[in-house]
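The data blocks that follow each hold one structure.
Here chain A shows up in two complexes: once beside chain B, once beside chain C.
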Partner chain A sequence: MKMRISLFKGLHAEPPPWLRVALAVLPFILFLAIYLFAAEIRHQENPQDKLLPTLTKIALAVEKVAIDPDPRSGNILLWQDTAASLKRLVLGVSIASIIGFFLGLNMGLLPGIRGLSLTFLTFIANIPPLAILPILFITFGVDQLGKVMLIILGTFPLIARDIYLETSKIPTNVVVKALTLGASQFGVIYRVVMPQILPRLIDTVRLVLGAAWLFLIASEAIASQDGLGYRIFLVRRYLSMDIIIVYVLWITMLAYAFDIFLRLLVSWLFPWYSAGKKD
Partner chain B sequence: MHKSPDEYLLYCEDVTKAYGSKVVLEDIDLAVKHKEFCTVVGPSGCGKSTLLRLILGQERISSGTMLIDGAALHQPSPDRGIVYQKYSLFPHLTILENIMAGKQLSQPLWKKFSTRKTARDEAMVYLESVQLAEHAAKYPHQLSGGMQQRVAIAQALIMHPRVLLMDEPFGALDPGTRETMQLLILEIWEKYGMTIFFVTHDLEEAVFLGTRILVISQFYIHETKPPEESHGSRIVADYKLNDNAYSTRVKQTAAFGELIQTIRYEGFNPEVKQNAHDFNLTHSDSFVTYVGEK
Partner chain C sequence: MRKISTLLFVALIVVFGLFKEASTKENYRIAWSHYTGWEPWEYIRHSGILDKWAKKYGITIQLDLVNDYIESINLYTGGTYDGCVMTNMDALTIPALGGIDSTALIIGDFSNGNDGIVMKNGAKVTDLKGRQVKLVELSVSHYLLARALEMNKMQEKDLTIINTSDADIAAVFASDKDGAVVTWNPPLMQCRGEKGANMVFDSSMISGEIIDMMVVRSDTPESLKKALTGAWYEAMAVMNGKAAETEQAITYMAGFAGGTIDEFKAQLLTTAMFYKAEEAATFASGSKLKETMEYVRTFSFGHGLYGDATSKDFVGISFPDGSIMGDKNNIKLRFAADYMKMAADGKL
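Up next, the complex of A and B:
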């Protein structure tokens, strides 16, 4: 007799490919259906309802921000805001990655550097970054620098600590082996261990990007002339839920695209990384 | 009963290694000639791997003298190669690059590309000598355990170390692969003429491979300390072994089996404790600097 294998229920379930796709799509469809149903009910009561805009209203909002130029500035708002925000985000996360990576790497391997910075870094990492935003705005100005600094200060301790932990996991055997193969101390750090930690940096950046977006939008909401966060908080004054929804979806898609891109980058640049980890 | 340090590749006198209050090795006296194939056995936890790490320079002795070629030990360096049971290979490099690593890492970074061709050719020779040429482009995780250890041996060999240290290198391999590897390492030892220190928990392997076997054990009666007080391990037996037979058939002979039984009795049985002055140190290079009163 053939053993019955459950499609969905239990530890041993084996959903076939079609079901996997269906399962992944289902929550989206359910959520959309509930939303549209609720929007329809509200619009029957009041056709001017702003809280739950219908698909037609959202489509009009897309046209307004992403296709038609802004009547005042002549720019297309969504692109202008995206460019401004991404510049801050990429700049901040890049600088934080470089600082965090080299700090974590050296802390993981050099007892002196570890002794000097581990306690301090752990302390710094526990400062809530948004709490020092006023200090950053006062010190670095409300222009670009203040926002980029918030992203850097908010994410570099996370990156440094994660890279430090990953570097500490490198077996002593690997370091000793490299020394017996004639590597210098510099060579051990930057030619043997660093290449083994690099893929982890990309994984870490994937994780801290969520926090980076938070800091970006928060700082743009408070003081800015452009940017995705600025726009959302600007149109909030007019209860323009349609534009907010378009912007939130756009930000989500950008973040999701980054995540997929970085994941593919790891498997493309470091084919040994995920395969070797499974042992 | 001192020996002259100059005649020996490795010379240890009264070497003790302790971690805090826990003494692992105590009063180790050992002199080993160049080109010896020295196997090290002992019960688990006796400190045989510790002895290896001391020779390597990965750890420092707590007291005593330890000389290599008459000079004090320093940090790990290319004159002493190492093959571990695990984590010997760099996971981010291909097999060929792993073997090239020694040639490349000992060069400054700016010479990496100008020396690449010669390093690659030389690495291929070593890769062929361990019969893995067709796997050059693969990564370590794609190879079986036995193949990975062969790569690790080739990786160490390319530096022409005077001493090759091996810490249970075949411990994780299945019996068939193990025997193939044993013959391979004997071949390599013969061909390249280096000193090998080979730590294993497998007595049969130790007796089969070595020209000299050191039994390290914590099961003995100390001259001065009472039995209930803990003491570090010592060399409790030291034999010269027959010249290597290049056939695994010697493993079936009676003498082979008897020697294993003797060593198991002398070193591995917690119930059997010899007095320190009764140790079976028959090897001609063996010496003891201090033995308490009878």
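Up next, the complex of A and C:
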């Protein structure tokens, strides 16, 4: 007698490819249906409703922000904002990664550095950066520097701590072996251990990107003249949900694209790292 | 399993109960946010004046403080609240343009120096040329700046506007040695107190154009409108009196606003409160209001606040004398003097 393998239920389920696609799409369809239903009800009551714009209104908003130039400045708003925001995000996360990586790596291997910075780093990591915003402005100003610093301060402790934990997992005998074979201390850190930790850095960056976006949007809400967060906070003043939804979807797409890019980067640069991992 | 289904059942009843309560509509929800001219609302709630008037008209009124001004208007526009305090400009650009038929029930005050332009290294509006000016874009501050520039034959492109949250504007100004900001009280007071700061323009120079009011949905019943108006003018009488009660009320409001009594009194001086219903009703019926609304809608349309609408006539604004500005078939903002008149005549 042939066992029937369940398509969906239970631990042994093996959904065929068509079902996997359908399952992935289903929540989106349900979500969209609920949204459209609610929007329809609100529009029946009030045709000018701004809270839940219909698809037509969202399409018009796309045209307004992504295709037609802005009548006041002559720029295409979405591209201008995206360029400004990405510059801040990439700058902030890159600097945070470099600081976090080297700090974490050295902390993991050198007891002296660890003794000096571990407690302080744990302390810093627990300060919510948004709570000390006024101090940040007064120190770094509200221009580009202040915004990038917020992203750096918000993300580097996470990166440093994660890299530290990963470095601590390197077996001592690897280090001892390298030293026995004549490696210098410098060589152990940067030629033996660092290559093993690098892919983890990319994975960590994938995780902290979510927080980085949060800090980016928050910093653009404070004082700015362009950026994705700036536009969202600006049009919120007159409840232009159509534009906000377009921007939120765009941010989600950008974030998703970054995530895929970094994942591919890991598997291309370090094929050994993701071997046997589910992702 | 049984536990879970019991839990689900209870949750269902609770949710159903909440809906039920919301649908009976004997209870009305009003939102307010911090501003000198609106602090009396908290006093009205705290002192029991609100409950007294609600009871008189057989309803209950729940007054909520929403800590974010724009969010309170958005909640009103979205349908959470039946009424909310806001300025004339925001009443036009947020609920009215959002299709919510709204009535300006009580004209509480107009800003008479509560909004201002403050700068370092400069002493007059023309010194703003080429400078970075921080303000909450598309707010009454932006409007004030536009009017100041217009009076001084300047244009917005002569300077750079940087959108800055009102919560942070005072800290930002303090840290910027070349700062220039447009803001309102209380942050305005902090900015003026900075070393080297000069106030180069304030709302007393466009007196009566930035109006603070209580706005309710036009389809709410008489009872709510009467109760709110009655309660407001009872509080106004207390504030304007000479009794010990007056001092107590002011002390309570100052404390709730998070400042000292002196600070609060200083802010009241730059707020032209209409303590008498009669004065407010006259203001609402005057021709000056129409002139102001014309400025405000021209500014709003010119700055893209009308969205896709092709003309500033898209939405209609009606005035107590029956005249209408804009589309007659799409009246969404109504200035009403009748309830304030009733209060003045003691008919509430």
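Observations on the model:
By definition in this document, the second predicted complex is superposed on the first by the 275 of 279 C-alpha atoms of A that agree within 3 Å, B and C clash if a C-alpha of one lies under 4 Å from a C-alpha of the other, contacts with A are read in each partner's own complex, and residues count from 1 in each chain.
By definition in this document, contacts are C-beta pairs under 8 Å (C-beta built on N, C-alpha and C of every residue); 3 or more make two chains touch, one makes a residue touch a chain.
As the structure is a computational prediction, the values presented were derived from the model and not from experiment.
Superposition model on chain A: chain B and chain C are shown accommodated side by side without a clash. In the superposed pair of complexes, A:Pro128 makes contact with neither chain B nor chain C. In the superposed model, A:Gln48 makes contact with chain C only, not with chain B. Of the two partner chains placed by superposition, only chain B is touched by A:Val192; chain C is not.
Once both structures are fitted onto chain A, a short way to say it is that chain B and chain C open up an angle of 150° at chain A, using Cα centres and rounding to the nearest 10.
In the superposed pair of complexes, A:Pro27 makes contact with neither chain B nor chain C. In the superposed model, A:Asn173 lies in contact with chain B only, and not with chain C. In the superposed pair of complexes, A:Pro111 makes contact with neither chain B nor chain C. With the two structures overlaid on their shared chain A, chain B and chain C come no closer than 46 Å at the level of C-alpha atoms. Residues 46-51, 60, 64, 71-72, 133-134, 137-138, 141-142, 221-225, 230, 233-234, 236-240 of chain A are the ones touching chain C in the complex.
Of all the residues in chain A, the ones that touch chain B in their complex are 171-174, 176-184, 187, 191-192, 195-196, 270-273, 275-276, 278-279. In the complex of the two chains, the chain C residues touching chain A come out as 70, 73-74, 77-79, 93-94, 97-100, 134, 136-139, 160-165, 168, 171-172, 174-176, 303-305, 307-308, 332. Listing the residues of chain B that touch chain A in their complex gives 56, 58, 75-78, 80-82, 84, 86-88, 90-92, 101-102, 105-106, 109, 139-142, 155-156, 159, 161.
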